[in-house]
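Could you have a look at this structure, given as structure tokens, before my questions?
Per-chain residue numbering starts at 1, and chain names A, B and C are given in the order in which the chains are listed.
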Amino acid sequence: MHELSITRHNELIDPTLHIWSWQIPVYLFIGGLIAGMMIISGYFLLKGRAREAKCTCFQLPILSIIILSLGMLALFLDLEHKFYFWRLYTTFQVTSPMSWGAWILLLVYPALILNLLLRVPVFILNRIPQLGKISEKMNAHPSTIKGIATLNITLGLMLGAYTGILLSTLTGRPLWNSSVLGFLFLASGLSSAAAFVHMIAKTAHERDILTKADNGFLTLELVIVAFFFIGLLTSSASHKAAADLLLTGPFAAVFWVFVIGIGMVIPLFIQSLAIKNKIKHTVVAPIMVLVGGILLRFVFVYAGQYSHWLIHAGLFK
Amino acid sequence: MAKFGMVIDTTKCVGCMDCVVACKTENNVPEGFNRAWIVEDVMGKYPDLHMEIRSERCNHCEEAPCVDVCPTGASHYSDIGEVVLIDHDECIGCKACIAACPYDARFIHPDGYADKCDFCFHRTSKGKNPACVDVCPTHSIHFGDLDDPDSEVSKLLKSRKYHVRIPEAGTKPKIFYLT
Amino acid sequence: MNSISRRKFLKISGATIGAAVLSGSMSSFVKGADNKINKKDIKGIQKIPTYCAMCFWRCGAIAHVKDGKLWKIEGNPDDPLSKGRLCPRGTGGVGTHYDPDRLRSPLIRKNIRGEEQWVEVTWNEALDYVAKRMIDIKKTYGPESMAMFHHGIGATFLEHMMKSYGAINFGAPSFAQCKGPRDVAFNLTFGETVGGPERTDIENAKCIVLIGSHIGENMHNTQVQEFSKAVANHASIIVVDPRFSVAASKAKYYLPIKPGTDIALLLAWMNVIVNEKLYDNEYINKYGFGFEQFVAQLTSYTPEWAYPETGIEPDVIRKTAREMARYKPATLVHPGRHSTWYGDDTQRSRALALLNALLGSWGRKGGLYQPTWLDIPAYPYPDYPKSNKKKLDNPDEKYPFAIEEITTGVREATITGKPYPIKGWFVYGTNLPYSLPQPDKTIEAIKNLEFLVVVDTIGSEIAGWADVVLPESVYLERYDELNNPSFKVPYVGIRQPVVDPPGDQKPNYWIAKKLATRLGLDKYFPWKDIEEYLDYRLQKVGLSLELMKEKGIFLAPEQPIYYEDGVKPYFGTPSGKIEFYSLQLEQKGFDPVPKYTKPEEPPAGYFRLLYGRAPVHTFSRTQTNRILDDMMDTNKVWINKDVADHYGIRNGSFIKLKNQDGVISNKVKAFVTERIRTDCVYMVHGFGHTSKMLKGTYMKGADDSRLITQVKTDPIMGGTGMRVNFVTFELEA
């Protein structure tokens, strides 16, 4: 028997850490989603397949800007010292993923705007007709398109990975002490983005492309999840206990049923059938992927906060 | 360069919490929060028990994860004593430092910034002891320069057995517990 | 402190001190110091010495006031008790000044008693009313029918006022509910009590035996400081406790005794020491009385006999007895303090005293030293009025060896009205529903009263039952009587106001004097104000208030405190010796040598209720101090892990306790732990408050007093044994 009695009872810290509630998982999900969309959109632009995926390339930038702003709002709501947020931009802290993230986000917006300018939405064009000319000029140079595509892909990769790396540098929480977290969140962002675009895509062809891509991302995610657990389970007792939070512990039900089952395995199965034309493409699978994607962030943020170097069993607070 | 550290004698400590109280009045720590705390660590089966009582607080780690993850540089090492400090006016309250700390030493002050033990920097930067050291009725807490081989803390570490908290997190804590 | 023992302390005369002061630092004190309390306008930090009142230890403190506001309190380095380091309560005393639950103005009851419905009144109205009611009682029943319950040094002037009024019935729970058995037992054995601060030379002890003392959790500052010093010096520590206490974790030997069987262990230890001739022969020859008869009575108490009673293996009993003997006379068997447990407590304490006597530790270094005392003459008051009635706390000397008043006796007489009625209570500094067992009886007595006045700083439970509540300023806002305890060094300390009270609170001496005037007792309060009173007394020993306000503490020249340093042994017993065999007890029909009686076993499914203290709280009066509340905001019920598993109680879950009489506690968290035996449960006293005026602590945790519906009274001195209650668990749905 090992008893640890701790007299501390600080708000948000005890009895278990709960500094982050819905805002952070929502932001992390949106960050991943946007990252995925930037990469997908950039990929089509880069490959000159923009026409194949019109929706993807031409509607995503404006949607991304709106959704990302909602994510940023969530992030802002989480800050405890809100009106000092500008301090992020008076410095660059090389060891802090959050500092990286702040600057990446600052670059994401212009990248999205450049992408948007390639095909300015009508409602904007009506208001600012001059943008049409700029757009024309940009489209006239393939290198500009490629440049914008590369910029979006690069920043998308950075944005997607940083959300995971952010957690993995938080030494205090063993569940997060895994370098594959960046890849996991990136893959999840890509699959969410693919699912999202699938939902808004207008043509069956586009849906087919995205479903195939999504199945690739989902498969990749499952592999990364496996690596994630292998990493923790072969590490210290605290890491093993942290992995058990998801595998068998208080978060296992949500993790297995929603994140793995509904979020990955079932849509993978459904989408495989759709690709083989055994069933029609519907929004069911993409919705499942998106739900799984959100819950992945929730589960990781909550379980991560719960995980501790001092194994919880027998902790007396 | 001085490197401030603490050596706490668990064999003498009775866990009375005077260190926690003194910290609270000295630093005006707000109601509902404490910068220090007591841990009673019990092993065994009654009546064959072993109990270690520890007065814990921020470890002022040499490899402080809270400093690494801070996006604004609000968390930093002091020039005097390499104490981990927080500049309130630079803190945005993102809480990454709180999540990064394996010791749960930090919390959000009601005014919005991250807060924790600062080794009573207003005292120690002027050569005095932290309040918890001077109040301890059992004289269990020692403070000094770890780089100075003649300091009380260095001598204690040379002559006694000790451990640090959660060494496996790789943070190199500067609070040492004598056993 | 009772007067019997006081007289025998080594006194320091005024002349000695006068010389010391003159040769000392007379020049350093400030002339014409500002007498005003209000220091709000003063910028920067002021350091004002005073002495603490967070418990009764009275450590010297230095309050720090920053820009006119109380900032922090540190120990006074000159103070021999704290040596400059206060305990957590003393350090947290700041929270007592700022406590939002403090009483702010005098209150008069609106509706029926105990409803806590009040009308706020002025001091004039309140005092006029109190005086009128007291005069009524005096006229109708006589002043003897107005009783006083009190605790602490703050009661001094109010007690004086009550005596001037003609009251003769007083009671402090510190006797019959706390240290009474110990004081009586040591008085019977050595002719002197152990006093308070106890005369324990812990720091020099080479072997310390704690049986019924949880030093460390019981935060008597000096004792804790010395204990940890002894630990650091590798003193051999033997701890006997049904609970693995903090002290137990420092022990070389931890003896997990069955509750209620201490006497069996003590007798067995003495049996070993006597049989193996390990005692201090020379000491006993010189100072002992009745040793042979004592030895004759010990023969059957072998470790093998004690084993089934105590659960302590014979081998361990022998080893620990030899360990004690190895270090004698620097072996301290701590006398403990709270000792009203099983009804045979005086005999238990006598066994403790005798074990010390066997080891020769009384009067010796590392044992129970001979304290010294600075004798400051009392203020000359006129004689109190004579009464032809007898005190009724101990009628016909039913408890022949009671050396102080028995609170529960006063309460009983209030209920029965015999031998004469008690119609008024004046209560100061003691929360009777918590400090007396069987709180229902306290309420029953209160219902018989015509008048109940309570002086308190917070809206305690007893204040809730009052007709008039008088809000007292806290120790940081007032002067008080001088503190000159018997201790290792003779000294005197003063309490002085540090900050203004936050509301319309007044100090006890002010209340006493104002009431005295209204009661026509001005001649008993000849001093103009408290400063004059204190200065008068201090001048008698060559000091002055001015000097003391600056220094806080004056240390008189040290005196020897050990026999080996020249203290002449003196025993105030009938034989003039250490009474191994007590003829006094024998004459009154008690066992002259302690005998063991088996404790009652808990009924099946029930557990003995044990209670104790936490270092961050004092009784039931510090829970609303927000700083201390932040340290510990509730008590928990300690339940052995196996027992908890059996009942399906999880650590941290809420349960209720139900005692053998069906009384159910407030809900309280379970602390599931290996640190306690399976036949008992434990909780810290002082929580589970039911007074709505105590917002900060209302209904947090459970109150052990409420569960103490049974007591076993010590026939020797009237103490109420309170560890005779059993509880079972009511799980929260």
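Going forward, a contact is a pair of C-beta atoms (placed from the backbone, for glycine too) under 8 Å apart; a residue touches a chain by one contact, two chains touch by 3 or more.
Source: prediction; values computed, not measured.
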**Report entry** Chain whose Cα mean lies nearest the overall Cα mean
**Finding:** B
Query raised in the report: Comparing B-C against A-C, which pair counts more contacting C-beta pairs?
Result: B-C
Query - For chain B paired with chain C, centre-to-centre distance based on mean C-alpha positions, whole Å - result: 35
Requested in this report: Could you grab the centroid distance between chain A and chain C? Build each centroid from C-alpha atoms only and quote it in angstrom.
Outcome: 64
Report summary line: Multi-chain contacts in chain C, i.e. residues touching at least two other chains, fall at 631-632, 641, 673-675
Query raised in the report: Which chain A residues touch at least two other chains?
Result: 1, 3, 5, 7, 9
**Report entry** Shared-contact residues (touching 2 or more other chains) in chain B
**Finding:** 17, 20, 32-34, 42, 44-45
Query raised in the report: Hey, which residues of chain C end up touching chain B in the complex?
Result: 71-75, 82, 85-88, 91-92, 94, 215-217, 219, 221, 224-225, 227-229, 231-232, 244, 246-250, 254, 256, 615-616, 626-628, 630-632, 640-641, 673-678
Report summary line: Contacts from chain C onto chain A in the complex sit at residues 631-633, 641, 651-652, 671, 673-675
Requested in this report: Spell out the residues on chain B that touch chain A in their complex, using ranges where they run on.
Outcome: 17, 20, 32-34, 37-45, 65, 68-74, 89-96, 98-104, 106-108, 111-114, 166, 168-171
**Report entry** Interfacial residue positions of chain A with respect to chain C in the complex
**Finding:** 1, 3, 5, 7, 9, 316-317
Query raised in the report: Can you name the residues of chain B that touch chain C in the complex?
Result: 9, 11-18, 20-22, 24-26, 31-34, 42, 44-47, 49-53, 131, 134-140
